[in-house]
Amino acid sequence: MKKIGVLTSGGDSPGMNAAIRAVVRSGIYHGLKVVGIKRGYEGLIHGDIEDMKISSVADIIHRGGTMLRTARSEDFKTEEGFKKAINVINVFGIDGIIVIGGDGSFRGAQSLSQAGIPTIGIPGTIDNDLAYTDYTIGFDTAINTVLHAISNIRDTSTSHERANIIEVMGRHCGDIALFSGLAGGAESIMIPEDLVSVDEVCKKLIQGKNRGKLHSIILLAEGAAENSYDIKKEIEEKAGIEVRLTILGHIQRGGSPTAFDRILASRMGGYAVDILLQGKGSRVVGMKANEICDMDISEALSMKKEIHKGMYELAQILSR
Amino acid sequence: MKKIGVLTSGGDSPGMNAAIRAVVRSGIYHGLKVVGIKRGYEGLIHGDIEDMKISSVADIIHRGGTMLRTARSEDFKTEEGFKKAINVINVFGIDGIIVIGGDGSFRGAQSLSQAGIPTIGIPGTIDNDLAYTDYTIGFDTAINTVLHAISNIRDTSTSHERANIIEVMGRHCGDIALFSGLAGGAESIMIPEDLVSVDEVCKKLIQGKNRGKLHSIILLAEGAAENSYDIKKEIEEKAGIEVRLTILGHIQRGGSPTAFDRILASRMGGYAVDILLQGKGSRVVGMKANEICDMDISEALSMKKEIHKGMYELAQILSR
Amino acid sequence: MKKIGVLTSGGDSPGMNAAIRAVVRSGIYHGLKVVGIKRGYEGLIHGDIEDMKISSVADIIHRGGTMLRTARSEDFKTEEGFKKAINVINVFGIDGIIVIGGDGSFRGAQSLSQAGIPTIGIPGTIDNDLAYTDYTIGFDTAINTVLHAISNIRDTSTSHERANIIEVMGRHCGDIALFSGLAGGAESIMIPEDLVSVDEVCKKLIQGKNRGKLHSIILLAEGAAENSYDIKKEIEEKAGIEVRLTILGHIQRGGSPTAFDRILASRMGGYAVDILLQGKGSRVVGMKANEICDMDISEALSMKKEIHKGMYELAQILSR
Amino acid sequence: MKKIGVLTSGGDSPGMNAAIRAVVRSGIYHGLKVVGIKRGYEGLIHGDIEDMKISSVADIIHRGGTMLRTARSEDFKTEEGFKKAINVINVFGIDGIIVIGGDGSFRGAQSLSQAGIPTIGIPGTIDNDLAYTDYTIGFDTAINTVLHAISNIRDTSTSHERANIIEVMGRHCGDIALFSGLAGGAESIMIPEDLVSVDEVCKKLIQGKNRGKLHSIILLAEGAAENSYDIKKEIEEKAGIEVRLTILGHIQRGGSPTAFDRILASRMGGYAVDILLQGKGSRVVGMKANEICDMDISEALSMKKEIHKGMYELAQILSR
């Protein structure tokens, strides 16, 4: 192993830069050449690749987004596009690739592995929707961003004695809603994994109001409702309370990464280089039981993420 | 003058608590009794009033929202409701009232003045839409909140090489969009006062793209478009660029007030008490030419707010 | 078990309020009466105790500090003081106590346990200096506060092309320095557990300068130097570089807790109530391998905290 | 006028980058060539100068520090150094210079003007110590940074029922202490312009304690005391209260600039280019009465900054 490449793919997440920095500096420390592949698999297809030096990743550890840019590549999924990519890898003499991204990006990594290119995945997504790892890079930053929004909305909500729905990201996985809801003291948390009925939410709103609660926050994962505006209307009608809806959207993806995400990213980046050097390929790096670890990529992708039941119940107990 | 009341009315804004604190402590310092009227003019109608001590306003200077709660009162606009309010004022022996709020709240203050109750208005609204004052309480905090959102969206926007529309508050006044757009380096700013065509925005987007710009931020005041989703769609079609829309909504109203807003609120609160003691009524407090000042309430309400042309042009020059 | 008490003791840490809230609401949910004991063991001696209701802990989850106040009690360590405390516990009919604090506070909890009072410790300290748990409440917030300071100092340091020493808390444990140093990309990290020589630090500074590095950050745990000013002077002389020293001090103890700390505190608070109800006493709650767990208090206190070697080495590899 | 240069000098301040950006883009918009001079007057002496394009100042508006670096130049004050600088200006064909910095930097600008080089000063310093302008660039960011520190210290201070001294910057000018003290609700503010006796501070501490105040914050400008540690000790002895001292130091200089500072910097940068083009030289740009204006540099330097008496008295009234 003499030369490795690193790319970011799919939706960006805070901490991706810290992971890139760790891959580059760890790689160089171990005597490797490291190249950066731009805009994910697109850059692999088009040879949009540049040499990385120690100074290439200076002053990026604290920046959100990804310096290598990112994209979702449809071409890479075609036979022709994939062949081009393999060709570029050979022409550039790349002996191993580290892919930072979510499950879609990992499927690309799996394909590369199956074609004989040692490839390691690092989980970079704010959604925390990968079952094989306790945390993904960017999740901690995202829930702190949501918490900040909850705090702002709580101020105005209390002043007006209103209820608020905050829609957060999470199509299949309710972790952002659950973690930020528990941390933010949200009255109700609506997640895709355990669909609570609107009636249930309304019951709690009415009880709270009767007990003199001045405000209520409902955390709604985007995957828990067909349409947030309908939910808002239904609650207003059933609970007889004025409700405001805020859709947080893309502010959840940005921001300077938290300490947790920077450390996670740095450790995972260093670890990915280590196992490539040990001759491993077709693996994903994770954090399990507070230790950095690795797992077969196909096995990881076949695991089913489940919501943390204990935390979900605790949130309900504590938010009365 | 022996006893004064203070209330917050209309939409809340960060710094209202600092203003309440200043009114209470200044009043007591000058030998007055101060009462807090809850939920705006509603509390005046229903006698929802409590004595304020120095300690009542401890540890609130840094909190968003308003400890006195706020509301929009339809009752107060009726003859019956207004009579009840006057009655409560007499029964409680209130000699003067300080109203913290926006133009709607000032109309209520005007009515009270006309009924012989010395009333002073303090401008508390994030919109900065009052022509007689350079700044309203809460505006500085709001534009910094928008700036934070711009910063987050810029991270992810750069990574994906996309354009973003950020819709901010401002139905008739584009100040939030203009100030945060200038400060955030937004490529285009769409305000109600000077409707730029979508074609103009697209032209800039296309030029930017051709020059290699990796991202574009379009600040859109809510009053500058019938429907933000339509604008997004139109831009996508005309410019051929993927566009994301984020509606910031109520997070703009909350948050711990900035130094600027706390100082403005403290000074205005103290000043309002001073002029009440000087026998003035029917006035609004403002900041003009960097000095706290006051003006007749009717005159103030008749003034027409205009956008700062110099800043608007500067924003266009600097954002290329 | 019918009535339990909760107290915070020793240095405060962000998240203590979230833990109090969890104890109170979990306790009430399980049918217990919960009392709050003020100013740590001092309040226990003097019967400074009040009933806690669900609403007593409303709107505190996001606040730094501790609503129950805290203190270090010398009296409690005397036979007489301890007897008074036991007497108060009996008079108030308290069946179990939850102590939130660091190792000093846990020794008090141990004494109460040995006197037959079921007592559970929850680790609340920013230092992360307890060996039996991976994380203490407040640590995550503290390292993010340090990170913020590093970011500010890096700005000015880069502009001036200077080196900076940042002294952080940690008398015996270098975790704050290590974690924030790794996350902040600090060039050198000086911790009590592995005393790096000043010569080593200077060597790195000189090498960095020769490679064109514009700034250098040295994270210094307070326990790693007799006197920070001497270290500063020594480095200036040996490396021939202008060095600035910033002692962060008590700003590390405050601030609104991060999502991580609020969740950790909420889970630990709920768990502590659960095990009290199961009849356990003389235990401390911890987080090990990403799960909340408990351990005998004496065993926990006998364990020796060690620095995370892997992270320490990684920090050196990545900060070149 | 065909080519202008811009430099930053003295201590850096947040918003300098926004000012550089405005100078560069405004200049180019008006058809000028713009060059950046590195490390203040040092770069002028050594010809460390580079061409600036529109893209040179992309993505810097939100960054603290200065991309042009800064320094204090002793050489420039010598006849030889000054001659070299004039020579470089001629060789590079620079027709006008914009200097961003504080009063020391303005003296350099004055010398250049006197040598016939049209030079404009922009006030970039966190100290707000220039009498001719209401605000300097960086001041608003600095007081918000101090406010954040006050907030953190208040949390822990309240928990421990202690008094805290926070030493902030300001050798001759107490504005940082006054503005952040008023905004932060500090109990006492010690500034160089109006030396309050330690006895006075102690009196207030004792009165507060007797009224049940849980914490006290004393804002101390560095110029108001020979030695902060002595003040701390004196207060502890005289008031019989435990006092903690935090010296904020250089974290006050960094951080992403606030909206206010970015707008101020953008407007001043644009204005400086405008007046250079109008043929003016030997002027400084300021903000007076909420308008951007300019004044003769020698006149500006001869003015004596005074503390805002009204705000100082208000702070005392409100902080009881």
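Just so it is clear, A, B, C and D label the chains in written order, and each chain counts residues from 1 on its own.
Convention: a contact is a pair of C-beta atoms (placed from the backbone, for glycine too) under 8 Å apart; a residue touches a chain by one contact, two chains touch by 3 or more.
The structure presented is a predicted model; accordingly, all values stated were derived computationally and were not measured.
K.L.:
Between subunit A and subunit C, tell me the centre distance in angstrom, where each centre is the average of that chain's C-alpha atoms.
P.N.:
28
K.L.:
How many Å are there between the centre of subunit C and the centre of subunit D, using C-alpha atoms for each centre?
P.N.:
35
K.L.:
List the centre-to-centre spacing of subunit A and subunit D in whole Å, with centres computed as mean CA coordinates.
P.N.:
Chain centres of subunit A and subunit D, defined by C-alpha means, are spaced 40 Å apart.
K.L.:
Among the residues of subunit D, which are close enough to touch at least two other chains?
P.N.:
Answer for subunit D, listing residues that touch two or more other chains: 151, 158.
K.L.:
Quick one: label the inter-chain contact graph as line, ring, star, complete or other.
P.N.:
ring
K.L.:
Once the touch criterion is applied, which pairs of chains come out as touching?
P.N.:
A-B, A-C, B-D, C-D
K.L.:
Under the stated contact criterion, what part of subunit D meets subunit B in this complex?
P.N.:
21-22, 25-26, 29, 54-55, 59, 61-62, 134, 140, 143-144, 147, 151, 158, 179-180, 182-185, 211-212, 256, 258-260, 262-263, 266-267, 270, 288-291, 310-311, 314, 317-318, 320
K.L.:
Write out the stretch or stretches of subunit A touching subunit B in their complex.
P.N.:
Subunit A residues touching subunit B: 8, 11-12, 14, 16, 39, 63-66, 69-71, 145, 149, 151-161, 164, 214, 244-247, 249-255.
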